[in-house]
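Scrolling down, you'll hit the structures one after another.
Here come two complexes built around chain A, the first alongside chain B, the second alongside chain C.
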Partner chain A sequence: MKRVASLLFIVALAVLLLYVVAGMPPMGDPDNPTATHVIPRYLERAEEETHTVNVITGIILNYRGYDTMGEVTVIFCALAAVLAVLGRERRGVIHGFVDRSEVPSSTIVKTMVRFMVPFIILFSVYTILHGETSPGGGFQGGAVIGGSMIIFTTIFGLYESSRRIPLKVRASLEGAAVMGFFLVGALGLVGGGNFLTYAWPRVSRSLHPSLVVWLTVLVEVGIGLGGAMVLTSILFAMIREEEEIAPSS
Partner chain B sequence: MGTALNLVLILLLLATAVLAVTARDLLAAVIIFSVYSLIMALMWQRLQAPDLALTEAAVGAGVTTVLFVITIFKTRRREEE
Partner chain C sequence: MGAWRHFPIFMITVPLLGAVLLPFLGYVRERWVPYAALLPLGTSTLLGILLIGRIPSDGYLSYHMGGWEPPFGIEIRLDYVGLFLMLVVCGITFLALVYSRHYIEKEVSGGRRTAYYVLYLLMSGAMLGFVATGDIFNLFVFMEILALSSYALVAITGNRNAVRAAFKYILMGAPSSIMVLLAIGFLYSVTGTLNMADLAGRIAESGYTEVLIVSYILLVVGFGVKAALFPLHMWLPDAHSIAPSPISALLSGLLVEVCAFALVRITFSIFTLRASDLVMGTADAVGVAAAAAVLYGGIMAILQKDLKMMIAYSTVSHIGYIFLGLTAFTAEGLTGAMYHMLDHGLAKACLFLCAGNFIYLKGYRRIEDLKGAWSQMPWTCFAFALASLSVIGIPPTAGFISKWYLILGNVEGGKWLYAAVLLAGSILAAVYCLRVLYYMFFQAGKEGAWEEYWHDAPPAMLAPVWALSLATLFFGVFSSLLIPSLLKAATYLL
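== the complex of A and B ==
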């Protein structure tokens, strides 16, 4: 009885939702209200107003500055909450971790990882620094750096990787990244525009175009480094074993 | 050609989504979920959103999978009835 009732409820909900979808404007139609006002304005003016070739970056990091600010705030608050629950390691203490796998990593795997990780980091640096011309940007590049640190940690262990990025470096970079993002964003408010819109007319007349691009890149670097360090911190906090403090070998 | 590829991707996406929910072995579910993310990244690329494709590949298929695997190793692998 309960099952029949829930099935009926779900079917009714599905019919309602599909009815609403059928009433929406067709996807990709150039006569849609969304495609007639906002998008042409962005496509025509974005390059001269924001000096970024990639219009998506221009929209995210200029026109919708408050939107991005909210997103970054939500992401960093969530990550801070995760770290607050899991707890940090004590300052200056390097934790080991218990390798539960029966087969230790072979020399071939270790050499390959040692060889690949710098190139992965190089790729992410490319993604971050070219955020205004190519797809990707700070968040994507930061996630790739985090991924490379995850690969390194799973093969070499927590001791080796937390020796390379100690808590001192991670904590200060996380804080500096968030502070840098909000400070650069506030430059737009100082210039008379919105948050992050330092490229808008009243400001950009006094700013050199390359400086505007560099400010955009600075925001991207902030988001990227902050994201990467927080991801690494979460990995370390999850993989850490409380009883194992000294290096195992 | 393009439509056939889209159809295959959609079917694979649906199949992996159902399998990831129904799998009893949580490790298998996580791996299937990362396959789901990979197909999703391909679909973002098909929809001409390379930004989202990069994010999905790095975060969805890469980072979250590893975090899920660590969580499974800290708890239990099998789902209990």
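== the complex of A and C ==
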């Protein structure tokens, strides 16, 4: 009965959605409402108004910065949810027992990882700092740092890894993305604009471009650091859970 | 334009900022976290109070984020009704947070306590942002935070039942979020804008195409799940009764209502009313569902043996009330619905916190265990009684006022049957509430169930309970403070 009902529901939903797709404006048509209403202004004036060559960055950090502030809060919320269910890795206890997260691996692998990780992080720093002029940005760079931490942790184990990025650092930087947005938003008020105003009305015109770019970079750095810390903390929390299940010797 | 213009945005962002600062405090001094968490919510409440009277009652406050004018940037649009609901959210979240400290120390194990407060602040901030926004994608963003934090808060005690309830909640909640997102995508594809006011204008120009009809239906179903409207309420009883009591209070007293309010915003400010058969047709369907919810919730509440389960089913019934007020499409009906959001929020939060007191002190969850409870916990029992009166709708409590307007609104709209359903719902509420009160006050407890002497909950748990129950009385006696401006705002919406 339940199965039939859910099947019927899914079929009904599918029919409904297909019906909508049939009624939607043709894809790629330059006369679509999506291409004629809001987008032209973004494409034509984003560079001059937000001082970012990368229009996407201009949209997500500036025109729709408030949405992005919400999204970084979602990421932070995901971490809080993981910590609520799994709890943090225990401080200081890691010394006490065998670290089971370490996979025995050869010297070659260890050396390669030791060699690669700094370069991966360097690359991510580049991605973060040049988000406003080239593809990339805080989200991507932060994810790359998080990825490098996953590689490092699988090879060297939780103990080594959490020595590199201790809880103290993570606890203070996990919210860096939201803090960055809040800081820039509040500075916007000081500069005489609304919340999240990058181009301060009160500051002289000559200062504008560099100021806007610096504020954009500040937000990008916040997103990158925050994202990286959140990913790392989620990773560590999940490792601890596995250790607890395994009988400690 | 003074500095108060910026208050709404700080009401929203200060709790979010507080949430991201708490993990550090949790690392340095975990003991201070419960007190520090009060600070951002207190600030929001204060800012909200300072905003009273600043917003024109027949208009709204429009705030352009980043200084970009609406269709290009994001707009915060706060009318009188929105501010009213934001204040309700601030007040109740603040009180339930005061209540949380003792309760959480007992129910939630050490390392997770900071996470509790973090999620709590995220949820409060998200509710505030959700109510105030004038941009439909922004609405979705806050809905994400709201959903994510509430799933985790239901599961936070970590026991098997809690995790199962949270999982059920996710299974219902995630598809509903997807439906809302799809609908927003459809809307964007045919109008090219995300701003609610702009959407309304562009829809009026283009007329109601299939895409718009389907996206409206998706929005109604999506938010219907979040607001637990009758056939979509399956997740509610488990999630609301198993969550820690302060969270039950928030979920039942605020979250479902905020989601109902989002549907109101969408109906009134995007798919402008009456202009289309679409809205009216859907409204008829929603009306039937809501009437069914009133009766079903009431009957199920009577059948429950578990106190929190009973209160949760009562919420199903009361969501029906709110929707019946909305589908009446009269100023009185809308006013009743808005006022019902207030008094249901207060009363339901109070009931859940009272139930929390019993669980905290005695571990009693079943209604039968409450026989003779008042001999030991009179303060809790009297607060429970007062809030119950409001749930039933007995004067002079606020519940009476809102039900009066709800019935009046339905009669004015010519919906006699719904008016009768509302009355029947009150009778059902009287049955399930009075039974508990009868057990509490007029039955002798089992041997050894209660000690002879008074041993009520600590003051930090009683004060919020009493503040809430007295508030239901206050808003019942002094309803003239709010009703005229709500009526004006409702007429403006229609």
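Quick note on the criterion: the second predicted complex is superposed on the first by the 191 of 249 C-alpha atoms of A that agree within 3 Å, B and C clash if a C-alpha of one lies under 4 Å from a C-alpha of the other, contacts with A are read in each partner's own complex, and residues count from 1 in each chain.
In this text, a contact is a pair of C-beta atoms (placed from the backbone, for glycine too) under 8 Å apart; a residue touches a chain by one contact, two chains touch by 3 or more.
Just so it is clear, the model here is predicted, and its values are computed rather than measured.
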First, second, both or neither for A:66, with chain B first and chain C second: second
Which superposed partner A:156 touches (first chain B, second chain C, both, neither): neither
First, second, both or neither for A:236, with chain B first and chain C second: neither
Touching partner for A:74 - first (chain B), second (chain C), both, neither: second
More chain A residues in contact [chain B versus chain C]: C
Partner chain in contact with A:136 - chain B first, chain C second, else both or neither: first
First, second, both or neither for A:172, with chain B first and chain C second: second
Chain B versus chain C as contact partner of A:17, first or second or both or neither: second
Footprint overlap on chain A, where chain B in one structure and chain C in the other make contact: none
Touching residues on chain A, where the partner in the complex is chain B: 56, 100, 127, 135-137, 139-140, 143-144, 146-147, 150, 154, 231, 234-235, 238-239
Chain C-facing residues of chain A, complex: 16-17, 19-20, 22-25, 32-39, 41-42, 62-67, 69-71, 73-74, 76-78, 80-81, 83-85, 87-88, 90, 167-168, 171-172, 174-175, 178-179, 182, 185, 188-189, 193-199, 201
Chain A contact footprint on chain B (complex, rising order): 50-51, 53-55, 58-59, 62-63, 66-67, 70-71, 73-74
Chain A partner contacts - residues on chain C that touch it in the complex: 6, 9, 13, 16-17, 19-21, 23-24, 26-27, 63-68, 71-74, 109, 111-112, 114-116, 118-119, 122, 125-126, 129, 135, 137-138, 141-142, 144-145, 148-149, 151-153, 155-156, 158, 163, 182, 186, 188-194, 202, 209-211, 214-215, 217
